[in-house]
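Residue numbering begins at 1 within each chain, and the chains themselves are lettered A, B, C and D in the order written.
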Amino acid sequence: MIAGILSLIGAAVCLVLGLVFPWMKVPIIVGLSYGLAALGVAVLMRAGQVSFGHAMYSCVAGYTVAFLSRAYPALDGLLLVLAGIVAALVAGAIIGLFVVRYREIFFGMLNLALSMVLYSVLGKFYEITGGTDGLRLERPPFAGLRLDRPGYETALLVTALLASLALGTLVQRYFGSAAGEALAGIKTNETRLEYLGMSARRILWNGYMISAGLCGLAGALVVLLQGLVTPELGYWVRSGEFVFIAILGGSAHALGAFIGAVVFQVIQLVGTMLLAGTWKMLLGATLIIVILVAPTGITGVLPIKRWSRSRERKLSLQPVTGKS
Amino acid sequence: MELVRTENLCLAFGGIVVADNINFSLQEGERLAVIGANGAGKTTFINIVTGYLRARSGRIFFSGTDVTKMPPRGIVHLGLGRSFQLPQLFLQHTVRQCLELAAVGRIGSLPLLKSLSASVDQSEIDHTLEVTGLAARGEEMASALGEGERKLLDIAMALVLRPKLLIMDEPTSGVASEEKHEIMATIMSALAERKVTSWFVEHDVDVVTRHATRVAAWISGRIAADGKPEQVFADPEIRRQVLGTH
Amino acid sequence: MNLDLLPLALADGFSYAGLLFLVALGLTLIFGVMGILNVAHGAMYAFGGYAAASLIQLLMSRGEVPSVVLVLALFAAAIVVGTLLGCLLEIGLLRRVQDKDPVLQLLVTFGAFLILDDVQLLIWGGSPYTASEVTGRLGTIELFGATFTAYQLIFIPVVALCAYGLLQYFLRHTRVGRQVVAVTHNAEVATALGIHAKRIRLVTFIVGAILGALGGALSVPSTSLVPGVGTDMIVLSFSVVATAGLGQITGALIAALMIGMARSLAVYTFPEFEVVVPYLIMVLVLLIRPYGLFTVAQARKI
Amino acid sequence: MSKKAPFKVLCSWAAVVVLSACPSLVWAQTGKPATLPLGITTFLTGSASVFGIPGKAAAELWIEEFNAKGGIDGVKLSPRFIDEGLGGDKFLSEYRRVAQDAGEKVMVSAISSGNCNTVAPVAEDLKVLNVMWDCGTEKILEDRRYKYVVRTQANAVTEMVSTVVYLLKTKPDFKTIAVINQDYAWGRDSWEIFRNALLSLKPDTKIVAELFPKFGAVDFSTEITRLQALKPDVILSTSWGGDLDTFARQASQRGLTKQSLLVLPLAESSLERLGTALPDGVIVGARGDHYFLHPETKNDPKHKEFVEKFRAKTGAYPIYPVYHMVAALEGITAGYQSAIKKNNGQWPTTDQVAAEMHNLKFRGLTRPVQMREDGQGLEDQLLGVTKKVSEYPFPVLDKIMIVPASAVTPPIGEKSPEWVKKLKPDLLNNDQFKTFDYGG
């Protein structure tokens, strides 16, 4: 429950900051989208799998949003977000069928390769995709309202916050659920899963869809925010940043991804102020330190892990009869 | 009735024949002990029967169904449980969570949304913990268990699936000999209580004679002798080759 | 495309493959022995290139320099960079994560890459570096009615093949080489046999790093280095290595040729696909043969 | 939390409505500020830092001197640099951080057409003056009228049409042309304009190949082999930076330059780096009339002094982004000064300055730039052919021609694609095209 309260406080803080300092809205929305994407990556990390190509689902969703909105400028922002998620889910479902047969480095690399295919194709077919400069889209109506920029951004901010809260809770519930436990089982012992009558691939496929959907949502939000989508959204370095955040936050608790995202944004802000062009140095250093010092990430070392464990149990496997 | 039947089962790795045209049958209610030197093909045969390895030729039936091309999970759902020489546990889960997973397995792979709210009969799990003597360790991480307890948890997970047949690969290996009998006793009573047919690989003659109704002795991919313990152990060839005694 | 262009396309693909192979070779060697997929390999490439360019510019500024010296300078730069960065990374970093899960090891090298990438920017800044003098010295060759630089058409492929031959000889016929192979197969056993696994890992990593740096160094005479060269090179050489199968040396050679040829054919037929080709090949191969063209997968023991 | 959610939704939507009601959070202008912050976006990382870093150096150099001389009516400029190399959302976040920081400010953004596309509508919404200082795309100002967004330099149309003019004047009798451009908006759009202009001025030209290797490609061997097989009379490349360097080098190494005439409209920015790699007779452009040996202003003290200071600071001769940066800063300060005059000595509002910027004549280091009501600057174009001389370790420009922007820029309200198709060959007989020989 403490985790829940923490996230609510966090959400409130974001909202206040965004309303008081208008320029903060953009970094906060970007940060939340990173958090959502990293949450997706963290889901797979539960199964011990790390994808270095999940930015491709942000990209799929982003371009879906752009294409739709350019075709039907009157389409509502919320619908566009939904469309983006659906596109990512569909892509995830299809690609998932193939990649769930792979593990560890091969899993990571195949995802990487697929994302690079998408990245290169989007960059190439200029007439359709606008090439590496991507596609611009006009500000769509949002939740039925025609908003000017400040209002529009606030709306996006609120949407991002609510989505993060809701999905964070859902994913946390999933972690605790039967499917989630089985997912974690893939990390430790697939043979046993098989001998318990479960299909590791199917379980991983479910997790893969979830992660794709989350990355899709993240992409859709960013694209609506900047009114522009470019292949960069799917470049492997961005996937790497998702992984970075997920590792930083740890996959012990859904909250981790968002904590990681905050740290990431702070590093970027501080970095660009101190080191100008060479801020990525800080990222690298942080990543290495985290892996050396706390490979399980922030939520892995914080007591929050224990709360969530006890919480998972209550959430998921309620006794039908008798004691727990 | 007949639980397992194999017809002309063959498999070879490279040059080495690990299953040499095996025709084998196991009846409900039997307690089969499999003996044989390491590399004789005991585990390989189990892996083939449980669908982990594909036979090069031959067919396998489990309680009447042809399972020759079935993956392990399919056969498991038909009522075949299995434990391993090296216990296959979820070391990052607690003992109880391991059993909960097994219980989920029995429900079968659920669609995602259902499994979010899938609930498990805890009383069943508590009971299994009791009969396998793990009741006290329920909230421990599986990684914290000793070798003997790991064996028991390994078997307990199989039991939660309520199998008709439980195949145990060396349930007492790596356990101090004084513990062996105690562990075997626990397991066998648990099985007896649920009327589970058992098939276990075992080296210790005492254990075998005490718990088995039938013994199959393996020599280089073949069943060299099969029958009542006293008969099999009477065979000098078996004594020499399998037990290494005269 | 009409067929008389085919030989031209193949010639291009050949020289392109040479460079690609050098880089991939280092990557696959390191993975084979240490089980680490070294993202920082891209930084080796970039540093090797920039160092070579600086060295050659330095030499040129000292008046007339014989071509041999210039060529040797390329190798010297690569060896120095490879050794320095290799030691730094292996001793300073990889040793500490040796027994961590491979993905974490990969991420550590990713972190190292991010740092090195910026260090390179701090040292050499943003404007392009080159050493085209070398190419000029080696002259050109008329082939199928087109002019090629001897450097690209002959020198690079020859170096690549030599590197391959030398490495094979090293692994098969030298003591250290055999030890490397032993460690590859089973580090524990090797250690039990009294092989100093630690040293072997270090040696391997340095050799791999030098190969990566050499790839960069040999690229400067024919191209310009700009920030970010490393980033693209990693994924490209990844696709070669993965297509071949991680740790497959001969495989990498064949995969590099495949990708090189396919790429240049694409430029003649479907230019739009030029960039996509390597990744397409990798995906297709991995879908059909999960562990790459030349790897045999083994089952898990239970 | 599921219980709390509906309540949250309520108050959040309340917030939305409130905020969309009030016009938007522009900062009330309170007289003369202590300093005037300039949000300057430039490439500090990535391949485009070949332009970005000299641009930054130029800004620092110029602002330092300008402040020393007292700034705008006592108000000193304080630059804040933003890395365009961050790309996409990260770049936008940084831009917003500076643009929406408390107090008045002017944004100088951007180099990349992509980033100009991103920031232009944002600046307009935030009512912050944004001066596009180096990006080429003409679409932004043609598609929409901006109150707060201006460009203090020429756009792609001016640049490409003048290149066509120069090509046809120096080599009127060619039959075939091939293009090899970077695969992104600039490479594609500039070719689009060039092709249409060329075909309307010389309809019988045959286009034998259109190659778009990926942006930042490190090897053009295959493309060059193909061009050697095709043997076009003219090869156009609007590439820049590492791509251009590599292509030019490999082309001359492999004798492509002997076979075909190279036309490189952006090569002024590579001349010094390429050194002797570039043979004589290659057509080179400067995206404006920027050249440290500008025939009219090379001896002008202001220009001369700046070139020397810049060399002392960076060790290189200034290239066109340097001139563009100076032009932007001169433009902004000129805009403020004339706005102050109109405002009888009072510090002007952003709106007043923005208005000034739409009708203003100012001079950077070379010929003056005339701003139009649509916010587009009219900047004359300088082209020439390379020539090796003893004074410099790299080729200089000979047979220089300066094309007046007015003759090669679509009038306000005209859309470039149509206008370019309407070009008439008699354009070439325009007597305003001044030519100069090296040393002349």
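To be clear about the criterion, a contact is a pair of C-beta atoms (placed from the backbone, for glycine too) under 8 Å apart; a residue touches a chain by one contact, two chains touch by 3 or more.
Predicted model, so just to flag it, every value in this text is computed and none were measured.
Counted as hops between touching chains, the shortest connection from subunit A to subunit D is 1. When you average the Cα atoms of each chain and compare centres, the chain farthest from subunit B turns out to be D. Per-chain Cα centroids separate subunit C from subunit D by 37 Å.
Per-chain Cα centroids separate subunit B from subunit C by 50 Å. Chain centres here are Cα averages; for subunit A and subunit B they lie 42 Å apart. If you average the Cα atoms of subunit A and of subunit C, the two centres end up 33 Å apart.
Along subunit A, residues 120, 123-124, 191, 277-278 each make contact with two or more other chains. The multi-chain contact residues of subunit B, meaning those touching 2 or more other chains, are 52, 84, 88.
Listed for subunit D are residues 44-45, 49, 212, 214, each touching two or more other chains.
Every residue of subunit D that touches subunit A in the complex is listed here, in rising order: 1-2, 4-5, 8-9, 12-13, 15-17, 19-20, 23-25, 44-45, 49, 81, 83, 85-90, 92-94, 96-97, 99-101, 113-114, 117-118, 121-122, 125-126, 183-185, 188, 212, 214-215.
Note for the complex: subunit A touches subunit B at residues 173-174, 177-179, 181-182, 184-185, 187-189, 191-199, 202-203, 206, 209-210, 316-324.
Residue ranges on subunit D touching subunit C, taken from their complex, read 43-47, 49-50, 52-53, 211-214, 216, 218-219, 221-223, 225-226, 228-229, 241-243, 245-246, 249-250, 253-256, 273, 277. Note for the complex: subunit A touches subunit D at residues 4, 7-8, 11, 15, 19, 21-23, 25-27, 30, 33, 120, 123-124, 126, 130-134, 136, 143, 145, 147-152, 154-155, 158, 161-162, 165-166, 169, 222, 225-228, 230, 232-233, 268-269, 272, 276-278.
On the subunit B side of its complex with subunit A, the touching residues are 50, 52, 71-73, 76-77, 81-82, 84, 88-93, 97, 100-102, 104-110, 112, 115-123, 126, 157-158, 161.
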